[in-house]
Amino acid sequence: MSPEHIFGLTVSGLTVGMIYALIALGYTMVYGVLQLINFAHGEVFTIGGYIAASTLIWIGVDATTPLAVKVLYFTVAVLVSLVLTATLGWLIERVAYRPLRGQTRIIALLSAIGTSIFLQNMIVIIFGPQPIIMPTAIVPTGFVEIFGARIRILQIVIIVVSLLLMGLLTWIVKGTRIGKAMRATSQDREAAEMMGIETNLTISFTFVMGSALAAIGGFLVAMYYGSLQFNTGFLYGLKAFTAAVLGGIGNIPGAVVGALILGLAENWGVGLSLGVLAWLLVAGLGLGLYFQLVRAPRQRISHIADEFRTPAYERQVRNVYRFAPVLAVRTLLSERTDALVHVSAQHALRLMVGNIIIFGLAIVFFASGDMQFASKWQHVISFVVLMAILMFRPSGILGENIQEKV
Amino acid sequence: MAAITARISSFFGRVPRWVYIVAVLAFAIAFPMLEYFGLMQTLWLRVGTRALVYVLLAVGLNLVLGETGLLHLGYVAFFAVGAYTTAILSSPRFDIQWNFWVIIAIAMGLAMLFGFLIGVPTLRLRGDYLAIVTLAFGEITRMTLNNWEGLTNGPGGIPGIYPPQIFGWTVDSPAEFFYLLLVTVVIVVWLLNNLKNSRIGRAWNALREDEIAAHHAGVGPTRAKMLAVVMSSGIAGLAGAIFAYYQQFINPTYFLFMQSVIVVSMVVIGGMGSIPGAILGAVVLDTTPEIIRQTFTSWLPAAIGPDFLPGVQAAMQTEFDRYRMAIFGLVIVLMVVFRPEGLLPNKLWRREMHEEDPRELEKTGQHLFDFEEGTQDLEV
Amino acid sequence: MWFFPVFTGSQYTIFHNTLQYSLNRLHQQQGQKGVGNMWHERTRKILASTLAIALALSMLGLGGCGPADEPDDEDEDVARTETVKIGVHTSLTGGLADYGFAAAEALKIAAEDFSGFEVDGVVYDIELVIRDDKGEPAEAPVVAQQLIDEGVVGVIGTLTSGAANAALPIYQGAGIPMISGSATAPDLTEQGYENFFRTCLRDDVQGEALGLWAAELGAERAVVMDDRGDYSVALGNEVEQTLEAEGVEVLRQSGQEGDVDFSAQVSSMMAFDPDVVIFTGYHREAGLLFKQLREAGSDAQFMGGDGIKSNEIAEGAGGAENVEGTYSTFGGFAQEGMPGYTEFAARFEQETGVEAGPYAENNYDALGALVEAITTAGSFDGADIIDALHEITYAGVQGTLSFDEKGDVSVPGGAGTDLIPRFQFSDGNWEFIG
């Protein structure tokens, strides 16, 4: 476990994380405004990359093209991809989602899934099932050595471009009129409409902006790996959504934080040996036990109104957390329990299950010793993260930023 | 035109329900006999048998998606659990052959257990989060089956699954499997239909319509949803166990995410919350591609000569599959936008989908409540 | 001959009468709105669709029931030449469509060549019935049944091992021999099916050869990476076992078919610092992986199985220079050592306009062996053909072939890993090196 290995993993984790972030922003903005998982977003991302790559192939770039012309072509490709992909995003909203406003979430989500599958297969029909190859001449190939690890210039470019775009986005949302309209629409669409905000326009704008970010993400991925496949966006979309939920859906900084954590988790998870991961898990277990035995009961007890606060009541709540499996199940099964104890029992059971899982994994990892975490489980990592975060903290790390309307 | 369709539909409306049921059952029972008497190719018997597996899946998913209104995108995972139970307990893989009934019980039990485990933490979540968690669960299940080589032989799959023996009767021909599945489907549909009209069935519908109102009316949401999820998982497990027997070979590529999507489309197209709808959706979506393919690879060439439109034929042979999934996606969107209640709608869903502004209705002279159908409102 | 739904007179009358009846009833009851209507909303839809399905399905049933063109029906004294149907069960769509195309085209050439063989004084022409299973095992049984229904006497296929596993029980039940030119999974011939034969070598032989080659190159630290597909994992396991038996330190890695991002694996490989990297998947992922390894500064020798032996590997790798010098093995016999390959390849290119793809000659030989067995057996009975297949020695494009008792192919004067040919990628082409 050399330091340059860890450093290399960190940089590639950050690069992947930044790309996840660009996609996750689209999910999180749409969810914030419409409370809809825009399932087709992953495909929008792929199409963005495909359009950029095929524009460059069509123009025809090769190694002899002078740098200035390359930059020009590059800009043209980005612009074409941005415009077409943003139009696609606008169209998707107009055709598949707008007629369903006011319907239940399931209906809208079904429409989103249908759109996603349709687009994915349209890519196959139009571009064929074989992957599209990015012209290599346009991709900066240089690298720098930092701490003995080779970092590609492109990785630095991706990180910097992503940061700039996120800054731009934050400025749009926080500092412009349309951003204000977006925030108002996400809080209460009807009220916003009454205040004279064109909510339909605002929603369309949200889709256009999300799609534009996804297009740039697709372009960066196509450059970074050199090729894109028709189903690349599906997995990237799912992971980006995981990142959005991890950071707290509807929350723009949250999406970035979640994406970086996920990118790092995937790379470290595969690259580090099981022994190191086991120690990380032990630390996690300590944190989990602290939550279960100290912090959670203390919080629950603080909810007890003063006039009911008796040592016996406090002990009851604490015991539910302490002897969770037995007591919690018994509490949950009995119909007549105090609401606070009932809620505590549910919570305790979840924490307990989580701690047991962490403990089990740590034991397994210790037993496997110095072996590497098999990379065949790489994609499972993000799915497990998604399930875990939804089970134990559905509001995400930085908290949700959406208005639940009843 | 509208008058004619109204007349025809009014005619169909007058036929009592049992007539349809008897007609469908009679047709299903007679179906393998067509093959036996040489009136039909065995191919269609195989297609019919596979369609029955999808009917089981669609009916099971309908319980969750249609009745309770939870979007479940990892349904195929429970199917996989059932199929792998059979494959592991009745094949040369570990050289064991357990009793059919034991395997069915274990398959259903395991699938239900997984349904329960996935339900405990997730049923509290918003509906759309549930969709993503189930999707993640489905993918985790498939990757685990693919990676756990010691148990499942990984991507190589488990070949040579022994045929089941039910009270000494060895089921090994397509016709026998067709009847086995038909009996299963009839039992499951009968049970589900009774459930649908029972107390718990109404609780599910109430939750689908408005969870908060239902909760306040005394329906425990988590418990009722849990029951739906666990039962539908059991049905998928059952379908998977029989499917593995029928197929005699199982590997993880049977359980891709697209399979879940196909089952969801079946329920949506047939009509969410409607059992006849789910059956129709499954049969139509599973057989249509085969019919189209057969038309272009056998029937048309035989009719017009093999050189008929070689381009079209080649395209249908090689391109059709790509269009098939694109069409599935498009159909889901179109159905949801234009006819969310499906082809054979459940009454309550349709009403909910077409809720109209009372002021608009007044203008056209219609009433918000259809008083002539007053008795129907209570029936649900 | 008739095949598609034809409404007979009586069917039409029944339909017509029903309609009349319904219209009459409607006229009588028009304007009566009330309790009588309470069924119709739900039920009319059910009836309508039930009828529709019933009608559609019965039409299908009828559609399939036309009497097949039996050769015996024809006039005996006129017919000297008759047609025999041979099934081609392959994958023309899906990820392996290229291989399926090569197989189908090679078989078309073979059908021309082998038509006109004689059994019992009658000359037979071959009619190929080509069907596509999309490379999905779930489709394979249906395709198998379709071919059996068409009345084929033997089947060339399937393309993939997964489909073979799913289709084998059905062909076995119908007693139809099945010869695959490309299903290389070892377990196919280990399950005791009598009707399965193959004209390609098994993955375990190739895996062992690949492992031994890496050891021969003097590798001390090797990475073995698969793509989690069935072919890739089986091959990878075999390579890993062989390398470990040879005392080479092995790091096992996995990607996922369709992945573009191998950065985590590449980081781990760089930390391991291997002498050789063996990728047992297909050329798309191989190109991407080798490119990312070169970019990360690796100077390891790249190797792979027959999955990477495609000239397109250079595209995925972003230029031929990234994969220059890569070694690969092949799951068939060495084409360069084959007596008839040059001629065959030239014909293939002439007929189809493209180069002969992988496993084209194996499929050609599969049909040749089947015809040889039919003539030897002097019968079209499945059991006789299967018996004959075990006995024949057939001189084909690949050389003189025979099948052992399991159905695996063997050639005289060579066994095991010696048969596996080796290739090196140089200047955009795979070149045979021994």
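Descriptive notes on the structure:
Lettered A, B and C in written order, each chain numbered from 1.
Going forward, contacts are C-beta pairs under 8 Å (C-beta built on N, C-alpha and C of every residue); 3 or more make two chains touch, one makes a residue touch a chain.
Everything quoted here is computed from the prediction, not taken from an experiment.
Taking the mean of each chain's C-alpha atoms, the chain closest to the overall C-alpha centroid is B. Across the structure, the highest number of inter-chain C-beta contacts is found for B-C.
With centres set at the average Cα position, the gap from subunit B to subunit C is 30 Å. Subunit C has its Cα centroid 39 Å from the Cα centroid of subunit A. Inter-chain spacing, taken between the CA centroids of subunit A and subunit B, is 31 Å.
Residue positions of subunit C touching 2 or more other chains: 97, 228. Counting only residues that touch two or more partner chains, subunit A has 129, 374, 376, 379. In subunit B, the residues that reach two or more other chains under the touch definition are 146-147, 319, 322. Contact residues of subunit C toward subunit A in the complex are 95, 97, 228, 251-256, 258, 260-261, 263-268, 270-271, 284, 288, 291-292, 295-297, 315-319. Within the complex, the subunit C residues that touch subunit B are 1, 3-4, 22-23, 25-26, 29, 33-50, 53-54, 56-58, 60-65, 92-94, 97, 130-132, 134, 136-138, 141-142, 145-146, 148-150, 161-162, 165-166, 168-169, 173, 185, 187, 191, 228-230, 232-234. Listed in rising order, the residues of subunit A touching subunit C in the complex are 1-2, 4-5, 8-9, 12, 15-16, 129-131, 133-134, 136, 139, 141, 143, 150, 152, 221, 225-229, 231-232, 266-267, 269-271, 372, 374-376, 378-379.
For subunit B in complex with subunit A, the touching residues are 65, 69-71, 73, 121-122, 125-129, 131-133, 135-137, 139-140, 143-144, 146-147, 212, 258, 261, 264-265, 268, 319, 322-323, 325-326, 328-333, 336-337, 340, 353. The touching residues of subunit B, counted against subunit C in their complex, run 7-17, 19-20, 23-24, 27, 31, 34, 38-44, 46-48, 50, 92, 146-147, 149, 154-157, 159-160, 172, 174, 247-249, 251, 253-254, 276, 280, 283-284, 287, 290-291, 294, 297-299, 302-303, 317-322, 343-345, 347, 372-373, 375-376.
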